[in-house]
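Two complexes come next, and they have one chain in common, subunit A, joined by subunit B in the first and subunit C in the second.
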Partner chain A sequence: MATIVVNGQEIQIPDGARMNLIEAARLAGVEIPHYCYHPGLSVVASCRMCLVEVGQRDADGNVRMLPKLVPACATPAQDGTVVVTNSEKVRSAEALVEELLLLDHPVDCPICDQAGECYLQDYYYKYGRRERRAPAEPFTSRRKDVGQFVTLFIDRCVMCSRCVRFTREVSGTGELAVVKRGNRAIIDVFPGQELNNPLSGNTVDICPVGALCSKPFLYKQRVWFLRTHRSICTLCATGCAVLVDQNMNRVYRLRPRFNPNANDWWMCDYGRFGFDFVYDPRRLLRPGTRGDDSEPSATDWEVVLESLATRVRRAAQEGKPVGVLLSPFLSCEDAYLACTWFREVAPAARFYLGPVPVEGEDERFPKRPLGAIGGGTESRPRFVISGEKCPNARGVRLVIEHFQERAQEVADFVADLDRDGAGFVYIAGGYPQPWGDELAGVLEKADYVVVHDLFPGPLTEKADLVLPMAVWFERAGSYVNRNGVLQCTERAVVPRGEARSVGRVMWSLLGRSGLYRAEDVLQELALAVPAFAPAGAISDYPEHGIPLQSVHVAAGEEPAEV
Partner chain B sequence: MKPDDPDVIWLEEPKLNLFERLYLPAIIDGLGVTGRHAVTKKMTRQYPDEPYQPADPLKYRGVHRLNRDEQGRVKCVACFLCATACPAHCIDIVAAEAPWPDREKYPEHFAIDELRCIYCGMCEEACPVDAIELTSFYDLTGLTREEMVFDKEKLLSVFDMTKDREPLRTAGFRLSQVPPEEKEEEEK
Partner chain C sequence: MTRDYEPVLLANLGVPDSHRLDVYRSRGGYQAIEKALRQHTPEEVVELVVQSKLRGRGGAGFPCGMKWKFLPKDRTVTYLCVNADESEPGTFNNRILMENDPHQVLEGIMIAAYATRAQTAYIYIRYEYVRAHRILQQAIQEAYDAGLLGRNILGTEFSLDIYLHRGAGAYICGEETGLIESLEGKRGWPRTKPPYPAVEGVFRKPTVVNNVETLCCVKHILDRGVDWFLSIGVPADPNNPRDLGSYGPKLYCVSGHVNRPGCYELPLGVPCRELIEDYAGGVRNGKGVKAVIPGGLSMGFLRADELDTPLDFSSLQKVGCLGLGTAAVVVFDEDTSIVDILHRSCRFFAHESCGQCTPCREGTAWMYRILNRIRNGEAEPSDLEILLEIADSIGIIPGTTICGLADGAAWPVKTAVRKFREEFEEYIRTRKGVTVG
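For the complex of A and B:
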């Protein structure tokens, strides 16, 4: 254990923890303001905001301070390091940096999307001078569209170069650079290039001021109206931990949340901007039956569930096969409750895993190993966009394998249905696109087909009963990502229309009392299915997920070190 | 409260004598007050017949207006500070990128529910560009709730209607500038 002293307070940091003074001070509960330092990027110490007084304490307890201020981000915490962040010298240096940064700043906070979560604002209130000495003349910042999703407000930039380092070190595409010199230095793209790599949205997150803004979110909402919920992205098997920002029951923005087991600090643009399908006008919003054009009334869910249960029981009594197809977009709780209920009413029910969508290969970043500004190239990818475009193939498979020997695939479903027919078929979808062409033909052989899905498509045309499904941020649940890490999500918004999650539908079919709570179902699942045992008896779910053993890890990808 | 609380002072009701218990003097007293007011100058105003003019229209808090800039465009930059400050949540704004090269953001849609508004003036206080102001126009009526939700066009038309009578209230008084009259007084 190394002992360091932060503002007179001694703290212990573990041996071998390579930590700079910003991180060490954070352990002591002391904030050292910084712009250019980001834990996921190399250290450049260019913003000079984190200047602190540093000294060394020797074995006798004598402290020798360095005569000048040093940047905390570039100073390693060693045994005996003494840091002072609240002295007059440090405070005046911080106020000076703030004053210099605001000299040429447009101060157009009223129209800046970053206002409210801007480090320039926050630090000025905390560390800046009370009154401004330079004349305050707000002006409209120059603006340049640098990519499909990102726009640059040139004059708002504080030249921290986080975005430049990101494109060089993490995405490995290197579109951005600092051009010109001195106080005319600006961030720009190289001529003829655009910031169009699949990770470009992250530059907006790491920008500490409002210089890089996200175009799809631009001027949609002021950030202080947004309420944030912990969730994950479900558009690929990487399962990035995200924050879902909503206002008045509409989701406006997804932001990555740090999770070393899934995505580190980043997420891809496909996931970040890919939730538009939730607000597609074509989405199914009400339960409906085939040949019934009239709008079903609000109470129809109860009627519908009644007839669904009757149909399953009839099929089971007549000895006809009952097929249940569960898509990899369901949460583990959804799959577990569905299997439980169907096993109860139709003991011979067969469970199938829905098609696992795969689009090409995994996309690995950095794209090409460019020399990082202060570090070498790494062999392990910094970020992977999974080719498997679904969140929970592993989780649903584990649940199904608990209820029957083998999780059968779509091909088995088609073959079984073609050979034996079926008395009842339940298909739970949740795919962001219309799907199921390969299944549609064979559904003729089933007596009664229920499709629980997001969009009308080839399957809903053949269905006797169509149920609207809730998407991931409209329900709570947990998902197993490609590294075998179980992550829990919160419900961010109320489902659109009358959509319901599979879990909630099965909860009422099981006749259980009270409200459907995903946490309780996960506890039950952890007790019932050994593979989920690590999730049991945890009251507060860890932010970084729960690593499960015995999970089919994607080939070629090492499980995350935990 | 306890009856033996030392901070509580108990007062006895004064005893009425026989003359007072007749209640006639009190009735005569009251009739006297009525009679006096019947002949003295009237304090009330016969409102619709005698319209009220606010003494200082610049201080009155009536219907809102959205000011125009020199080029006749809406001055608002859609920063949502009025909507944030509004205690009645009566302001609804939809922001968009401005169609003009010298402006960045503007309100595509701006509506104030005049029925929900409590006319506190916080929106005017919060506005960083002096775009929203309360006018001295107060007797607004409507037949439906919907028509009392004033949209951007209507609020701009209130500005056109009142701009000659009530000049921009806050312009020139911001940024700690001293108004010219006060400067002259200081020099004297």
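For the complex of A and C:
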């Protein structure tokens, strides 16, 4: 252990932790303000906001302070390092940097999306001088669209160069650069290029001020109205940890949340801006039944659940097959409760894993690894967008494999139904677009078909009963990503219309008392299914998820890279 | 004392065709490298330079031998960068050396490369030095043709390639890590140190960056010996263990309001007054001196009553200047407005700030704005306090920037405002409400 002294307070950091003073001070509960430093990017020490006084304490306890201020971001925390962040010298250096950054800043906070979560604002109130000494010169407020999703407010920039480093070091696409010199320097795209790489939205997150803004989010909400919920992105198997920002039950923004087991600090634009389907007007919002030839008619949940249960029991009594197809968009709890209920009422029920959508190969970043000149080539990608476009194929498979020997696939489903027919079929979808052409034809062979899904499509046309499903941020649940890490999500908004999650529906059908709570179900699942044992007896779910060691073995795959 | 000094660095100046290899050889050229290769190991050459106490001539005065010794012992590749991006206002000694005696420069480079085991040397030459670039390129070709560059030089194991790289016109690329970034094809933004170039420089390999004049001195140290070098200049103050002394010859560039501006080779430590009066022929039109920049603009100003200060590495700090710098002496006569000089100074540094560190990027621009306001009659005397506060808090000396450009921007402001305060206050008072173009 190394001992660091931060403002007189001693803290211990583990050996080999390789921390800089910003991180070490944070452990001591001391904030060192900074703009250019970002833990996921190289250190440039250029904003000079993190200047601190530093000294070294020797074995006798004598402290020798350096005469100069040093940037905390570029100074390693070593045994005996003494950091002072609250001296007059440090405070005046911070105040000067704030004053300098605001010399030409347009101060257009009333119309700036970043207001409320802007480091320039926050640090000014915490560390700035009260009054402006420089005369306010006429300022400009130029805006430039730099890409499909990102717009640049040129004059709000504080030149931290995080975005430039991001495009060079993480996306590896290098569209951004600093052009011009001195206080005329601005961020811009290279001539003829646009900031259109699939990770471009991250530049908006890492921008500490309102210079880079998200176009889909622009002027949609003042951020102080937003409520934030921990969740993950469910549009590919990477399973990026995210924050879901909602106001009045409407989700406006997804932002990545740090998780070294999934996404580090980043997420892709497909996931970030890809939740529009939730608000698609075609989405199923009410349960519906269908007579023999009529359109599905709106009906009540209590009624449909009653008839659903009756139908399953009848099929079981008649000895007819009961088929249950669970999509990889379901949470582990959804799948577990569904299997539990169907096993209970129809012990011979067969469980199938729905189609696992794959679009091309995994997309790896950086695109052009650093190191064409100088830098070491990075063999390990900094970010991967999975070709597998669903969040929980591993989790659902693990659950099904607990209830029957093998999680059968769609092809088995089609073959079984075609061969044996069925008394009852339950299909739980949740795909972001209509699906199931390959299944639709064979559904004729089933006596009664229930489709629990998001959108009308070939399956709902064949269904006797259509149930509206809640999307991931309308429900709580847990998902196992490509690395075998179980991550739990919170419910951010109530489901649209009368949509319900599979878990909640099954909870009602099981006749359990009280409200459906995903946390309780996960505990039950952890006790019941050995693969999920690591998730047991945890009251507060770790932000970085729970690695399920057995997943790779169970799925028979090589461990995938983060 | 300095009267009878015989120029060494500029010995070939004025010799017809002094830029040609045969002329250089006929005057004793390329004997120093021959001596180094045949009589000394690289370590011995480094040791000679350490003993000579040669300090870098590029501005900071860092001991050259110590810089070479910082190279890691277990290195496999070493690069030598020659800083010929001479951009400090008032400085032109590198240009004179390169244009008139390019082979002296190349010989110095060869000795340094041998000593540091570098097999590749890059000369980073200022964009504007078109003539020097042409002459140096010709000289490099001549040297290759004569077997003085390339593989197995002079039949020894020593091999060296020299590349001449033209900058793109930025002052900041004279800062050694800015130079390295620029050489690598990147934006000339100085790097945070450590790591220093000796450990991680060009292409992340151990690198030595030396000024042209420094390397020329190395050549003469080999030629004439350490004792000769130590016999010139100002010895270290025995009472001050931190004083490293100011040994050897120095090229002083004198410009401004003098009768004979030019580059004068003199022992380090020549008093400023002697340089102006005896060598540069005194102030034009018999006027008095108002102010002198003793070592390039970024070193600050001397007042007329400080002209007896010796121009060496340690004396100038005693009168408030940043240091000797490049020893480029710019003289202003008594009719010059110190406000105008400082205005130009601030404009230069605001223009040349690379824009990386906030204090320098915004601070230099703010100082320039204040000077503009003073000249436009819009300033208050209290603006001088702000000016001084900014100047005192930007730069590597307070620790607020990565490189020394901000110190260079601050020193003219600090020294001008503190040494000529009355003139500034008078100017602000009388200019109030008067608009100038």
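As a working rule, the second predicted complex is superposed on the first by the 529 of 562 C-alpha atoms of A that agree within 3 Å, B and C clash if a C-alpha of one lies under 4 Å from a C-alpha of the other, contacts with A are read in each partner's own complex, and residues count from 1 in each chain.
Just so we're on the same page, a residue touches a chain if its C-beta (ideal position, glycine included) is under 8 Å from a C-beta of that chain, and two chains touch if they have at least 3 such contacts.
Keep in mind that this is a model prediction, so the values were computed, not measured.
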So if we stack both complexes on subunit A, do subunit B and subunit C clash, or do they fit?
fit
Partner chain in contact with A:Pro71 - subunit B first, subunit C second, else both or neither:
second
Using the touch definition from the top, say if A:Pro281 reaches subunit B (first), subunit C (second), both or neither.
neither
Scan A:Pro110 for contacts with subunit B and subunit C and give back first, second, both or neither.
first
For A:Tyr219, is the partner it touches subunit B (first), subunit C (second), both, or none of the two (neither)?
first
So, A:Gly16: does it touch subunit B (first), subunit C (second), both, or neither?
neither
Which partner does A:Ser141 contact after superposing on A: first (subunit B), second (subunit C), both, neither?
first
Of the two partner chains, subunit B (first) and subunit C (second), which one does A:Gly360 touch, if any: first, second, both, or neither?
neither
Measure off the angle at the C-alpha centre of subunit A toward the C-alpha centres of subunit B and subunit C in the combined model, and quote it in steps of 10°.
90
Residues of subunit A touched, compared between subunit B and subunit C (which is higher)
C
Once the two structures sit on chain A together, report how near the CA atoms of subunit B get to those of subunit C, whole Å.
19
What residues of subunit A sit close enough to touch subunit C in their complex?
43-49, 51, 66-71, 74, 92-93, 96-97, 100-101, 103-104, 133-135, 137, 158-159, 161, 177-178, 180-185, 373-375
Where on subunit B is subunit A touching in the complex?
77-81, 84, 95-97, 102-105, 128-129, 175
Residues of subunit A touching subunit B in their complex?
108, 110-111, 136, 140-141, 143, 218-220, 222, 224-225
Seen from subunit C, its contact residues with subunit A in the complex are 170, 184-185, 187, 189, 192, 203-204, 350-359, 361-366, 369, 373, 386, 390, 393, 396-402
